[in-house]
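Working notes for the structure below.
Letters A, B, C and D mark the chains in the order given here, with residues in each chain numbered from 1 onward.
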């Protein structure tokens, strides 16, 4: 069941006294696991000595007691979970990055995507720079280190570097004595500050702060550099002021429903999206069901608004693992059926409204509609709590190529409905998606209108391509 | 979050031509994984040669492509998932059992618990029998093999053995040429027959038959021996006729909601239990929420019956793994918080009805109520879709010892409510639980009234205790 | 480099007070690892409760700290290493066997091979017995348990069982209170007794006793039952008296050179075999070299007797592991070259006498001779410190099938020499091999004359073959 | 049994057509495994795209079929085995290094140790450089990349960089189209060229070339840059001419006995060292034995020269693994006994000359002498085929700190003999060690006289130390 992929979650902790910082980051990353399942890394600062460990897999697969103990105690630590589009194999791309430069050690974890990464890399390479991986994170690190040569402090170096790096970045940066959280001026990706008994947290989402018993303070402002040290949080706000364009897909799918984004509950957004769908795209039906897990809240909203009863129409197998061996000889429908079963007793003989959060290629949607029909559903009306995908994202979401997107392959919604076997289909309009948040949003993947210049994005992967002699 | 444990799920397949039987069983066991997560085994019959492999862990952890290939093709295969109360270490107890006896090879997988296991073992041991493990399964195998010496066929041997073995047993048995599914005369544990394109299935639950694309035929009748071979299904029904006493906890918690038990949808049972609770134990509240995953359906029923809106009050971390490292220094509440977070935006300032399927020790319930209160819930009214546990189960459910059961430790419901921090508490009455199924049920764990004699159950573990010199 | 395979090594320890018995067995088995590398198991008796763990692989691969700790403390423990001819997969065949019978628990480990295994299994099966594996060990256990029903003690049951079981068996048996070591009346396989500070050891070889700091006492006598308990070692000798026929290949290859077999140093045997070869099969040459590791001692003997200087002609790669990936595209010679390299500076331009312990198929010998020639050796004279293999072994050595044995495929030694590319070839004559020990030996694999009846050996594997419907 | 540790082995292959280059490197590294057992890496160049994989462990542990396949085919590949003094954990230090710079990709593997690493790092850091690890290899890479900005080719950049980097380095460097092997002007560490059917090899030792069926061509000259490409091998020799100072410990212990170093057979060196010892330090004894494996050849030389018979005095357990669990309660002698057993039948009652290659702390030597004494040796005369260690090595050998070196702790050889329990002790004099090779050697670890300036070596680990606030 192919979904869109967010590239990262970041988590950092600062304590006034040495604590089991690695374990705190471990727990925090566990709460952010939905933002990346391919690899994970943690780095710990113990009076300036930085230890780090990383690997491909889930948080609890990569880190066992033994690995955590090797990280040791420390008073600052950061971590990162990542979805890798290029395969989990290249260990060099796994974050956090830990580097040694002229002023000491630093460790950096990054969520987002730069739009001028290729240009930055070229610039630094012309000065003799060496890159170990292909991620944007090294480019950010070079920009900071280059500025650090001229600046009195790391935070000033970050401030200077932010003049150079363009695009989406929500970062946590660890030095020997500080934890620095900074966010691009558009605030594409979330970044939240929290408080613990004896220190502070910076995390991609508020749920991670709550999971380790911390209190949510506030979002890092778009463009803000929050410097956490002995004297608490100090902010540099010279890059603040641009209107925010938070990725709307954070609300639609990426963020955990119990998180607050820019102060607004994600679950509310989803329930309200369902309500809007019910208002603008009603259907004559007997029950409303949601596709687990991310379609459930919108389905409840649709049901509440429309008065059509909600029911549990699908049971999902909870024991999924990467190593699961798919059925071979059979058709692909079976692969969906293994993970998702339609409840015949609920849907048989009924006209069903099926709510989901998005359609990418349409193949999975077709199979899910098929499950309902073969379980006896009389009609299946599909309602999607997001607009149709038609354009690439340059800010950190891995959207399929346009030739695969069903909304690019068909002229109108009726044709898509037919392609997935639905009796009717409706999407959430872009203006509705935007109206549901107080903060400004980026809806570029739906409209092709991007809030910042993306003309340099295509150049990126020069060194990953074959160099013909 | 300690729950009750079912001991097993069984799955068997018979095909008229050699197929990738091991992979079919693998998929079927995956659908039955909720019935046992400690160990798994598969045995395959290839023209009389039986290969088997087993291990501790989840289906997809124990079996990789390599392991499945070693099992090879065959036209009959059976498998088993197990929750082990004695630790996953003792490989000898992992089923299916594969044995060689005078008439050939056979493989046996068993769900349930015998009530005369100690007596049977002693009888066979007096004749020179050797036991490799401590499970009941070997006792059943000996009973069949002993009868086989005098009977013309394995099915007749099973028929004769059923005169000896007492208690709960839903079994699949594989010989060189047949798959035999048999069930105790009380029908304590489920066992269902299905049809594939070129053969048959016997499985603990209907969801497993559907998951591999089979069609559900019917439940194996209590006392029935269903013999599946070249000429289809043939039944021996000499042990049928006793009134059924299906374990009511299969409906409450064990079975997957999309399964049918004795033809009745499990999810209906749970929704109806929620409706009954609403009728008999109303509460003045703003929202109804369910504890994921097993309290959701009853909560939806409660909401539908009461008219109080349903909402998603908890978010559960979906990335749980056995190897997760718990928080250490902190109080135990944190361990629950890591896996379950209360959605503040939903519950804050609200009077909440929280529906769950059962309370065992009460400690987890207390923590969950605590999560709601600290997320701002004004009142928490707990409604439980089962009666209180007060007695041991002798038929295959691992209920905690009586000194740990909260319902044994307190005199009345008000005291339990207080102990878990709830503003009110109500259970589903036993008569309601019984009234929700057409088939007869065993409610011994609630009432202490068992449908069959359990006087021999205490003797069981003689050889597991220390023998003092 | 295919070699002959011994099937097992056994080790047992008895202490007067609870010790870390599992770890002692672990160390003992590590010293016996050369006797079996496919699987390993340990069982511990803790006041009558028997815990056991086992797995496929080397001792240090299967048992980590965690696994050893799970075995816990106890005052008796036994263990087993095994070379499995049927693949390491079938966990049921891994020893020690631990079983529960009417008089309690017992655990059994066995080195050797029965000649009437099929007959015994049939007899017990006719009485209702169930076999979990295909090894002889279960048959021995049944024989003991059957006798135990009529005897007052386990040792008497062993004595009675020894009337039934035929062939080669060197066993350690653990009951709740005793460690019993017993050996077949021919004494085919070694079994040695040792003393520790606070107890006793029984092991396949004396090197295992020394490796844990024990003192070697004496060999268990052929036919002896040595009962080790609170009051030390007590012997039952009713089965003693038959002339011993120790497997000569224990001296030639199986046993570790630092072990004593029947009181005679194995290394002496090998050096003397080299001396005999030099006397009876001289060659005009410049240097003598040995094929590592097992041809070195005989080469040193040859050199000492002949006066031709010894040199290190081969370097063996010490980092061999099961998972090593062989060269693919290249010819098979490369596979040998990876593990063994001829030292050009030593052999170039020389007439070389190459001493090895045996030739099985001849393919490896041909490649090794080839290595020498391509490293510049002018002549290669092969001297083998054993007679040629021509017959199967029924007592626990896995000799290749006769159509593969080079000595069966060629009429005379000259032809074999030509086949392996040697300038001359000589074997140790059978009478010389026999003359090197004071104890009687079995040389059946060279002569076809077996010391006991082997007519029943062919029937063995009935239940492993396909049963056609 | 603590030994000195070499830090690395390198291997590179160039083929005119795409081959399974990764597997060839795998086999080559396997032959070099004795030079480093802590970690291993391989990088492959496939038309300019570089894939690499690495991990902690032995070659066959880190690379399975699956891992090798992920590396894919290519026509150039390099690999590295490493002994890590700082723990295998820091994946960033595992070589080969693969980096992207302005002119493309390159991969580098290095054996040796720079003497101006700290100074180089500081210089590059002042220009904004970032270091991912603490190894010298990144400094070499930066020096090459910095030069590459000004030079027309990578080989010219290497030539320029060699003006900057000081110390010991034997490197293989892979670009999109070439394999470059270069060696410091002193030739501290070996580096050899070989020829395959369709290309070339550069490897730390000749044994690795032979192991994959290649032909040894010659050593890379001290200071030479050998550029291997489409038109064969081209050399840049501008840095050649300085007198060679090959590490004498390569002859004594590091190199495999079947390797040629600067054209001289290593095994000859060792045998001759034994002969010299016999000449200069005779002893009145009955037998000569060697400590396996590295003392054997010198023992054979001692025996040949002295006429005292050689015998196999020790048996070493061949099944050693990293995960082996040491004996706990017992004294440390047992740990040696587990791996090494003295053969009583050989040494009992004898005056024994025991030859070993070196003594570091003396504790292991003391235990080995103890093994001989407790096996009955009347006298033990220890002869060491190297001079005593008294000084640190700055060129890649991990010698223990001076306070641990037994030769620093005692004034004279008699005291050391007494400390290890030997009846007499003699070392190979430094002048003898030097006289055994035609090429010049570095004997700094014995004399404290180093062939180049080592004054900058102490500064190295600035960023690994704690930075106090």
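In the analysis below, contacts are C-beta pairs under 8 Å (C-beta built on N, C-alpha and C of every residue); 3 or more make two chains touch, one makes a residue touch a chain.
Quick caveat, the model's predicted, so the values are computed rather than measured.
Chemist: Name whichever of B-C, A-B or C-D reuses the A-D interface, so over half of the contact pairs are the same residue numbers.
Modeler: B-C
Chemist: Can you check whether chain A and chain B touch via the same residue numbers (shared by over half) or via different ones?
Modeler: Since more than half of the residue numbers are used by both chains, the interface counts as same.
Chemist: Just send me the rotation angle from a CA overlay of chain A on chain C, rounded to the nearest 5 degrees.
Modeler: The C-alpha superposition of chain A onto chain C needs 180 degrees.
Chemist: What is the distance in Å between the mean C-alpha positions of chain B and chain D?
Modeler: For chain B versus chain D, the centre distance works out to 59 Å.
Chemist: If you average the CA atoms of chain C and of chain D, how many Å lie between those two points?
Modeler: 37
Chemist: Spell out the residues on chain C that touch chain D in their complex, using ranges where they run on.
Modeler: Residue positions touching the partner: 20, 23, 26-27, 30-31, 33-34, 37, 58-61, 63-65, 68, 207, 210-213, 256-258, 260, 265, 267-268, 293, 296-297, 300, 304, 309-312, 315, 317-319, 321, 323-325, 327-330, 334, 337-338, 341-346.
Chemist: Show which residues of chain D lie in contact with chain A when the two form their complex.
Modeler: 46-49, 53-54, 70, 89-92, 97-102, 104-105, 121-122, 124-132, 134, 138, 141-142, 145-146, 149, 176-177, 463-469
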